[in-house]
Amino acid sequence: EEPIKIGFAIAESGWLSNYDSAPFKAAVMKIEEINKAGGLLGRQIEYSVMDTKTDQARAATVGAQLVDGGVDMLVVSCDYDFGAPSALAAKQAGKIAFSLCAADPKMGVQGVGPLTFTANSAAQSEGIAIAEYAQKKMNLKSVYVLEDLTIEYNKSACAGFRAAWVAGGGEETILGNDTFKNDDPSIASQITRLKGLAKQPDAVFVCSFTPGGASAVRQLRAAGIDQPILANTAMVDNYWLNAVPGLKDFYLPAFMSLYGDDPRPEMNKFLESHKARYGEPPVSSYSVLGYSLIEQWAYAVEQAKTTESEAVVGVMNSFKDQPFTAGPTSFTDQLHIQVDRPWLIMKVESGSFHAVEVYRNSFKPDMKLLFRVGQ
Amino acid sequence: MKSKTMPSLAAIGRFWFPVLALVVPLALIVVVTGHFGGLSLQRTVIEMLISIVIVVGLYVFVGNSGIISFGHATFMAIAAYASAWQTCCEMLKPITMSGLPHFLRDQSIPLLPSAIVSVLLAGAAAFLTGLVIMRLTGLAASISTLAVLFILNVVYSNWDSVTMGSASIVGLPTYVTAWLALGCAVLAIVIAYLYQISAFGLAIRATREDEVAAAASGISLYWSRLIAFTLSGFLVGLGGVLQAHYLGTVSINNFFLSFTFLALAMLIVGGMGSLAGAVVGVVVITAMVDIFRRLEGGISIGGQQWSLPAGTQELIIAGFMLLILVFRKDGIMAGREIGLPQQPHREKGLING
Amino acid sequence: MLEIRGLTAGYGRLAALKSVDLEVRKGEVIFVVGPNGAGKSTLLKSISGLMAPTGGTLVFNGEPIAGQSPEKLCRKGLALVPEGRSIFRTLTVQENLLLGGMIRKDKAEAAADLERVLEAFPILKNRYRGVAGHLSGGEQQQLAIARAILQRPSLMMIDEPSLGLAPLVIDQVYESLRQLNASGLTLLVVEQSTARILDLASRIYVLRNGHVALEGSASELADGHALEEAYFGYGDRQTAHA
Amino acid sequence: MSRPSKRSGSKERLEARGVAVAFGGIRALNGVDLELSRGEVLGLIGPNGAGKTTMVNVLSGFQRPTSGSIRLDGIDVSRLTARKIAQAGIGRSFQAARLFRTMTVEQNLSVAAIGGGLSRREARERALDILDWMGLAGKADHRCDSLSYGDERRVGIARALALQPSFALLDEPASGMNDAECEALMKVIAELPARFGCGVLLIEHNMKVIMGVCQRIHVLDGGQSLAEGSPQDIRMNPAVRRAYLGEKAADSTLAI
Amino acid sequence: MANIVQVLVDAIALGSLYALVALAIGLVFGVMRLVNFAQADYITIGAYALVVPTASVTPPLLLGALPAALMIGGVLFVVVVLALLTERVAFRPLRNSNPSTLLISSFAVSYFLQNLVMLIHTGRPKSVGIGQSLANAVEIGGVRVPGVQLLTMGVTAGLLVALVLFLKKTPLGIQMRAAAENFQMARLLGMPANRVIALAFAISGLLSGVVSLLLTIQTGTLDLRMGLMPVVYGFFATVIGGMGSLPGAALGGFLVGVASVLLQTYLPADLRPFRDAGVFTLVILILLVRPQGLIVTSAAKERV
């Protein structure tokens, strides 16, 4: 029988390749597991990969080529900007496009179209989760928000954070907002403003990503700002911790722990399989999203008993806290991204991230917040 | 006996030859790849033709004035966004671009008028920018265009309610075919050619060679540059619209430094002193990139799968550009147009001069 | 001291020198004249190392020098004042002159030379700390010659020393050249006009179309039409136009 | 033949009144008066650094005078930009030719003709006209970077004429030319007033050329006027002989 | 009050960093009419030399593991060698080309180096914990000054004075300016002109190496594009300061740095995202008022 075909239009070179490669490897691992277990609908899964070179025009071309080659589903880049052109090509051919880890709700019904999904949660949900956690579990009363304007992801995370924080503690407990750019060599003036506040905040929320985020944390600590620092998921994993030797009191929401202390057994199982398959743990905790992506699609195909897009999308849209490795997963015909999947809160101590506990946000972002209307 | 119209036909031929020498091969490429090429090759050809529109547009100013402009991506972005506002995603627009005026937010505008309006907008933006910065000369002018590029980038990246910030606007109608792209490339080439042989073109080329002597010849640096800047603003605006409706997405990050550098590199590798150089530069670089990308993707030689490591294509292209610059300082075409063989008196010049 | 045999040189496909033979003996003043485009400047450029000759031999003080770099040749005692005032326009007059004596070891002598040169070209003294690029055309030419004198070469080559100079200054420059020659300097000078050169020249070469059309001592060429004939070469020009 | 200019009426007189130019402490010009009428060739000579080129720069708008004024038919033009002055009818050549190197000879001239107000087609006609007259017709389509030095200088002059100037200011046009070429150049300059109806200001260090074509000669020294008069007067003027000519040159030109 | 002083200190510190980059750019521009965008990659590669070249995201330290003096020497050495190498391979053959060709060739070099680093190190940002003690702030009279910033100010001032003196007063400096202006003539005067110009590149490499270290100490991170923005700002700085004038370049650097900090500090919150637009508008305004830049050397004014 004909094999099922999955195409990967992802970056194998260029800066985005670092974000695509880990979830891609995990996705391959899942495909192999399925094949070993007898395949999907009794058919083996074949996959092919083409390099978008971190270039939008290339992404569109590669997407079109893969679709042209007859894939049943197209996996696209981790990033909305670079995944969307490929996803558009899939849309035109009536195929499902599934992004490895775009955190933008526009990678879905309202943006690319009803056949497009992403395996990640919305960036807003990260901000919401850590804001709620800080207020409810860490008992922090006031906060200062430092927003990196370089990419939309951070703006969304910050928007989520603010909305949840205000809902839980009131407008006035956000003692101030400031902005910076990821490639600013110095945030001295932002620090001066923070230090000049009449009342120092209980915590600082930094929505950013590396390297600028790491640099900001280093400069905050160097300036003697010792309050807890809250951050969004992009700052997860140990690789940047050298930048701030002795960092502690740093918290963020994560997908999973790569360090064996995840309270959820399915995560540790994933970790072990990855080590077995590749001889090393994943380089990034985003990895699990790729694994889960295949898992979700395959499950839907199994339910629909066909790879035909309409049917599969129908099944996926009916997911309601469907348990997958990455966590309970829900889609609707309006929303193809997670907004309240539980997060693993992690903190940094003695040079490494450590799992604290799993936390699920109760504040759910509405459409306005997800698309940041009138922010 | 030749008929009376023959000489004038020959004259017309001679007049248009530099254009035909560029356009005919391009048309051939489109026909051949349309019939025999794969999807990837066909798309590469479209991308090449769009690049020709852009680089020829850039050439109209940079080549003729000798002033490097880093700012032209600005006018592409203005046109591309304008087109997106008019034609894109009726469902998403009211949500994510809530700051748009009503007549844009709640409806779409037909493709042709929207394209024309967008191109006009780019030209107008170039005119207004030029009004201010064409007072400057040389490096100061270049650097100001770079400043303009940054300013637009900052504004569009943060004007969230209208541009969706730095996120891509996705879902523009993708109507750009090879033939449409070819048509636009031909249009750009013809406009650039007519401009460069016009009195305006001559005047601005004089300022490129020697500003002092041009002033002594009664030429206005400011106006001749402003005209070129505006015209090239229109042309790159056209390129921006094409690009937007080829990709179906618009993103401000695509109109920034790396794009600017690539476009300039194409122009200079081909030779910024001539229209032929602009076109040849695009064709050569596009071809090189495509070839090495294929090698990277892997080819089989005698049943043996063989490929370059990912990322080497960029290294090779950079090295190739350097080689061309080192061995042909003025670019591949070295400032010359493709013309019919000149009258024989060139020989005499050598003996005598 | 300088022997040139069958020298050829060119620009791309254009042969500017087609087998030139020329000899300069120690203490001589050799003039090279010829119409525009004859190859005079090319000859000097080839000797000084600015251009690599395509053929022939160049022997300076018994040593073959073809293809050596200009900086090496300079250190061997060759100096060139190129066509069109190659002064450093953004440097001051003082710095320009200083660079002339740059590689000299005899610093005291060099200082004395500087004094003398400033005496001979008083205009340079007036503008000593001014930017050289602001000098008038003739002043720049004087600066270029003065700088070459400060190099203390053993063979000095000058391309059109009188270019842009006032008549009186031409006299002065020629007087300086005469004195330098008297003090042992050998000179190879390219000139456009034959009017002034006869009384200073030891020998004269007429270059035309890249080859030596005539060679002779000043006295041999002082009268008669040979010089004029070889120089203007009207016939040649006309065939070139045909 | 020179066709009527598109400019409204040609100018009759160009005057400098009390022109002074100082560069920091250096007084390049110091109260110089100069008059040039259409139809005459005026020589401007003087030692190196006397201020001749500076004077041309002032007249052509490249140098603002520190004091004094430039009048064109009585109207003060000393505040105008170089381009406006060019369009008002003052053309100039440069001590270094400053051609538009990658353009053809014809295009070089056409640029100036366009600057003078002609259309592209008219400009080309005018350019070819002038080239023809100067014996450069065969070079019309040569790129300027392939010209010999002498031709470069001639094209420089031709370009100044293509502007259709009422006054042409020529800075050392004969430098670097040999005797035969100087003769040819003299013919060209001598014919300019009759042919183009312009006045010519000629700077030269070649006395043969100056004495041969000028009706009047103005001598500058150290930024000040030293003398003015007919070639004969100037040649015999002891001050001029002392400051500029030297006995040798003065006498050798006697022979002409 | 302390706040205003603090803001000024922040401003000057950032200004010094840009000034330092501008010095390197201005020097090479003065010598070759080359606006060297590859300077960005000199800075980047200097910083990456601190760690072992591998694809690992947490590479062990290489030069960063050495004692301070050796580490500094090592980084400077690497960048100087790199600068010399690019000069030899890419820029020397292009000498006397027009500035736009040179500019593009520097893009090509930059593109090459950036992709080379990406191939070796991957594009993922890395981190190094060197100089943590320097990064910490010291309080001086209520004003907080991180050690690196103090260092940056000192180093910039020192290097500026040293460079200006070198170019104006020493024979080698005069030779460098001469070779910069007229290469052939310089050789005719016996100058080893190639070596003299290479020296200018070496100095620019040295300055870039210093920037690598200061930046790394300040941010603790390594990234492919870490040199880009400083060089872009440096480029702006050189032009508004007056091309060809080193004090001008430094002044320009200070201005853009100071403007950036002041705008960040005093703009209302909803305009703050547009901070950089303000800085670049300022650049254009300065140029409109002074097209030649703030400091125009008399040598730069060309006479007709």
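Here are some notes:
A, B, C, D and E are the chain letters, set down in written order, and residue numbers restart from 1 in every chain.
One rule holds for everything that comes next: a residue touches a chain if its C-beta (ideal position, glycine included) is under 8 Å from a C-beta of that chain, and two chains touch if they have at least 3 such contacts.
Computed from a predicted model, the values in this text were never measured in an experiment.
Among the other chains, D has the CA centre that is most remote from the centre of chain E.
Taking the CA centroid of chain B as reference, the farthest chain centroid is that of C. The interface with the greater count of contacting C-beta pairs, when A-B is set against D-E, is A-B.
Averaging Cα coordinates per chain places chain B and chain E 31 Å apart.
The mean-CA centres of chain B and chain D are about 43 angstrom from one another, to the nearest whole unit.
Centre to centre, using the average C-alpha position, chain A and chain D are separated by 75 Å. Centres computed as Cα averages put chain A at a distance of 36 Å from chain E.
Across the assembly, chain D contributes residues 53, 62, 94, 138, 148, 151 that each touch 2 or more other chains. Annotation for chain C: residues touching 2 or more other chains are 37, 134, 241.
Annotation for chain E: residues touching 2 or more other chains are 118, 228, 273, 276, 304. Chain E meets chain A in the complex at residues 3, 6-7, 10-11, 13-14, 17, 57-58, 118, 122-129, 132, 135-137, 144, 146, 149, 215, 218-226, 228-230, 261, 264-265, 269, 272-273, 276.
Residues of chain C that touch chain E in their complex: 48-50, 69-71, 74-75, 79-80, 82, 86-91, 95, 98-100, 102-103, 131, 133-134, 147, 151. Chain contact summary for the complex, chain B toward chain D: residues 197-199, 202-203, 205-206, 208-210, 212-221, 273, 335, 342-343, 345-346, 348-350, 352-353. Contact residues of chain E toward chain B in the complex are 35, 89-90, 93-94, 97-101, 103-105, 107-109, 111-112, 115-116, 118-119, 228, 232, 235-236, 239-240, 243, 273-277, 280-281, 283-284, 287-288, 291-293, 304. Residue ranges of chain D in contact with chain B, taken from their complex: 60, 62, 81-83, 86-87, 91-92, 94, 98-103, 107-108, 110-112, 114-117, 119-120, 123, 138-139, 141-142, 146-148, 151, 159-160, 162-163.
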